[in-house]
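Structures incoming, each one as structure tokens.
Two complexes come next, and they have one chain in common, chain A, joined by chain B in the first and chain C in the second.
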Partner chain A sequence: MTIVLWRPVWSPSQILVGNASLVWLLPGLVATAVLFAWPIINLLIVSLDIPTGMKSPYLAVLSEPIYLRVISNTAVSSLGTTIFCLLVGYPTAYAIHVLPPLWRMIVLSSVLFSYAVGTMPRVFSWIVLLGDRGLVNQALMQAFDLGEPIQMLYNQKGVIIGMTHVMLPFMVLTLLGAMARVPDRLVPAARTLGAGPLRAFALVFLPLTTPGILAGMMMVFIYSLGFYVVPAVLGGAGQTTAVMILRDLTLGQGRWAIGAALSITMIVICVLGSALYVALARIGEIEEH
Partner chain B sequence: MPPSRIAITILSAIFLSSFVIFAVAPIVLGASVSVTSGDFLVFPPEGISWRWYTIIFADPRWRAAFINSIVIAGLCTVIATSLGTLTAYGIALTSNRLLRQGLIVLFVLPLAVPHMSLAMALYPVFARLGLIGTHLGVALAQALYALPLVVLAVLAVIRRRDLQLERAARTLGADAFSAFRLVVLPLLSSGIAVGAVLAFMTSFDDVTAPIFLSGSTAGTLPKMMLDALALNSDPSVMAASTVIALVGLALFALGSALSRRSQRSGSASRAT
Partner chain C sequence: MHASTGSSARGAPVEVIGLRKLYGAVVALQDATLSIRAGEFVSLLGASGSGKSTLLKLIAGLEQANSGRILLDGVDATGLPSERRGIGMVFQDYALFPTMTVEGNIAFPLRMRGVRGDEAKTRIARVAEMVGLGPLLARKPSQLSGGQQQRVAIARAIVFDPQILLLDEPLSALDKNLREQTKGEIKALHQRLGITIVYVTHDQSEALAMSDRIAVMDHGRIVDVDTSQALYTRPRSSFIAQFLGQANLLPVTVLDKSSEAFTVGSAWGQLSIRPENVSLAPAAGRGERGLAVLRPEHLRIAPTSTDDRKLCVRATVTQALYNGCETLYRATCNASQLSLILKEVQPGSRNYAIGDDMQIEVDQAHIVVVPEPRVST
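Presenting the complex of A and B:
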């Protein structure tokens, strides 16, 4: 539809402001190069540039007990968060999906409210609630006649509770997207053909939302791996995660090589996981057509 | 109704109310501690007073943190929104499909990298550029976190708009820059506004960039909260936390009002 006439492409205005999108992309590309590519390449160089005879910091990260401990802490709390987010998030998303509009609005608003206040206020609220004299312990001690409070702060429990609270909106919204893509008539069709409500749900609805489940789990897991505030505030000394020791290793002890190696390892895991997330989200799109 | 239906209804009502309580109650109860007149971070608050708000607005360190937070969030919003808008427009103008997808991946990539790793990677670079301890340094790092969000917000609006109007303006004699300023920017304004809201929220709630880059001069409210909590956990942190929560809620309301308006006008312009 466009008629292409031969024009000299060398005029300066053509190069600067011609139909090329480059001029619009240039500021963003420069910023990404300076703020993203350069720092990460620099980090990679720091992690690889070691004096001869010294052990590679990557080997240290993968063999020394402290780092293994930190990596396993990170993995355990991320995995726990992912599982709890799915267990709470799927029924919630399903309820939002099938509820009448008024109730749907109430439940959805509570999800969005929790997202909108931000991470810091949510994490700090849990300090108030989970302490030995906090509301949760007061209630539990009254209800179950416990002699002493259950320690929930500064350990794995606190980290997983806080992290689940922070990540839940992402899980619910991802699942809602997947549920909205399930064609309306399939479940009623299964019912007409004789399936009970549970059977129709388990054999028709659930499998169709599997890409959403996997994508949501992947997203929660990746975000939890790199989360700082929750383990830093609600976890104890035993729950130190990978991103929590970065500052101490580098600015504190000046051990940039090992900090860089740990950071690069995290980045690689997170980027690969995100690629998987994108691939899973795509599977959902393809099935739609 | 058969008994099994009733049981299911009751069970789901219980589940949903516990969910709503789990999602909302901790935030409200935590915030309520900020108006305690007592000295401890415990619920229920021991009497009502504004004393901890008076403290965070009078104490020079809290006030400095508050001002730093606003200046940095403002800078971050301006940087991320302008870069993100230009970038999204450039992506939309890229005609090669593969190149366009590659650009989207490139600009969304920072979303996949842990913020702490990015802040750490920026430290040696900013040290060389003299940006450690400056508002601009912290704001640039947070603009990097926010850039993907702005790009996606503006791209979402571009998808609903008719960019042929820009071509029309060019045909009528406008040069590329005036066409962008007079036609494209107004068309995309709602997406740009949503992007700006997301950028501000990202910065105002972030603690990773200040941890590595703020030095002792550019600490923000979240950074001050962490320091205060480690030092002496009195209810002043909950007052600061409530301020952040209220700003977040106000911005979220603004953002969703803007995006609803854009969806309405988008469908209206398609209908006409």
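Presenting the complex of A and C:
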């Protein structure tokens, strides 16, 4: 089966039906090829095209502690963000799911509103809340008579809190989609068969939303790998992420080969994450049939 | 009768007292009172929005009533959550768990009751055999046909030996032939298990065929409760008369009443009605108005030369629908302009075409008189 993209278009109706409709994909495909695929191929070329006698930048990436530390730090922050997004997002999504329609709309709009506010204001608002003299610390110090504030910013905790906040709407919306697909009568059916509310949820509802859990986790994780602003503002000097060091290597120091190698390494991590998701999703699908 | 395993699965009575359910400002059910005997098969029959599904959900404990009480096996279960009522329920779309196999689905209520291992296996095998699911236990619900899914739903609802089984339009998703077959199987299951069944349907033929008694529902109320035969042959309201089967309604006025017969006047002249067929208010006397119910099968096309003692009316055929075993005629009565429906069984003696005149003989023994419907405001 071949997909013919360049078949001449005979009539307007043919544009709209069958394979001919693929013509409409053409601008997107061209843009993807020119603006996305080609730069990545370029990166690959730059990272591999090393003058003889020089050692491969991949060796540097994989052997120098600084890069490994940055990569693992980025991965840990992303993983932490993913886990917290799930822990906060699932109950949130479930609450929205079971609300009566009007309330569902109100709560959902507030979730979407926080998304629409954008990353910058949300990140800076955390400084007001979590800083040494921020609201939370002042309250804690007064309440528990602490001598000094708890360090909540400028470390990985702060990064994960900020990133979780930024990524939460994605998780909630993905989970809501999955929950909406669970047939209405399954939980009531489980109840009539003798399951209490908790067991009906755990044995019937939760398993049916696992595709959404996987999809949401994968999206949050991969998106979080590329964060720049949040760690920069809330992380402090110790929280260098892959993107920060990439920017420094390329735009700051002009070390393009090692920058390219680090980029490719991050891409591989993303692809592995996606592959894991696809594999898990497929297992789910096979179980279904 | 098969030997039951240990716990006996006899039926339990269901008592519904003055149940009322509101959804916001909408009254879904009002003053529903219904007494169902142990082991009885009762259908809740009504159009969509009549409150029948709401009543079923209240009995199942899936919704809580605004007022009224529910007694299950004599025990007040009004506030009890669904999982503590021990009622089996088959949902309209079966509500099978898609992540579990057929066996997993049927095992679910047993798992909830701590029944596992060999005993669970034995009981699953028993109900699977009972509903004819044997070789399908390892499949997923998505791999089954509608009819097979329905069997799984029934097996799952009876495997834990409930005393009460609720069925919510279980046949509506099946095609016609399968529906006929399944009707018989559900009835047979009822006889075999002896449990109380409450069956919700909008299909009068299902209700008539299977039920010991039918509760007819309309606009959130139980309009009438009685056996199939009583409701059909002796309806107590024009709503029931028209809802169950077809009915010709002829306006009548009471002229005289005695212990032997009611004499009523109509556009067709005087009719003599058996007192037990009259469901006007007890005080109804001369001048009281009502409607005579004439079932299509009680109108007979008479040969031209006819007996003077029988009531005959002349009518003009407006439609003739041949149906193999019978012909359904619609005719306009010349005297009253009443549009009649009548059935001629064993057609063939003579075919009437549209516009033909026919003479119709009325079997007065079967005529029932009901009150005129109150005009609701």
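Of note:
One rule holds for everything that comes next: the second predicted complex is superposed on the first by the 234 of 289 C-alpha atoms of A that agree within 3 Å, B and C clash if a C-alpha of one lies under 4 Å from a C-alpha of the other, contacts with A are read in each partner's own complex, and residues count from 1 in each chain.
Definition applied: contacts are C-beta pairs under 8 Å (C-beta built on N, C-alpha and C of every residue); 3 or more make two chains touch, one makes a residue touch a chain.
Please read these numbers as outputs of a predicted model, since none were measured by experiment.
Using the contact criterion defined above for the overlaid structures, shared-chain residue A:Pro207 touches chain C, although it does not reach chain B.
By the touch criterion defined above, A:Ser72 lies against neither chain B nor chain C after alignment on the C-alpha atoms of chain A.
Note on chain A: of its two partners chain C and chain B, the one contacting more of its residues is B. By the document's definition of touching, of the two partners only chain B reaches A:Ala116; chain C does not. Once the two complexes are laid over each other on the shared chain, residue contacts for A:Arg191 go to chain C alone; chain B is not touched. By the touch criterion defined above, A:Val271 reaches chain B but does not reach chain C. Chain A residues in contact with chain B (one complex) as well as with chain C (other complex) do not exist.
For chain C in complex with chain A, the touching residues are 60-62, 81-83, 85-89, 91-93, 95, 97-99, 108-109, 112-113, 140, 142-143, 156-157, 160, 166.
Of all residues in chain B, those touching chain A in their complex are 12, 15-16, 19-20, 22-24, 26-27, 29-31, 33, 41-44, 82-84, 86-87, 89-94, 103, 106-107, 109-118, 120-125, 140-141, 143-144, 147, 151, 175-177, 201, 204-205, 207-208, 211-212, 222, 225-226, 229, 233, 237-238, 241-242, 244-245, 248-249, 251-253, 256. Listing the residues of chain A that touch chain C in their complex gives 183, 185-186, 188-197, 199-200, 203-204, 207-208, 287-289. Residues 17, 19, 21-28, 31-32, 34-36, 38-40, 42-43, 46, 88, 91-92, 95, 103, 106-107, 110-122, 124-129, 131, 133-135, 165, 168, 222, 225-229, 232-233, 243, 246-247, 250-251, 256, 259, 263-264, 266-267, 270-271, 273-274 of chain A are the ones touching chain B in the complex.
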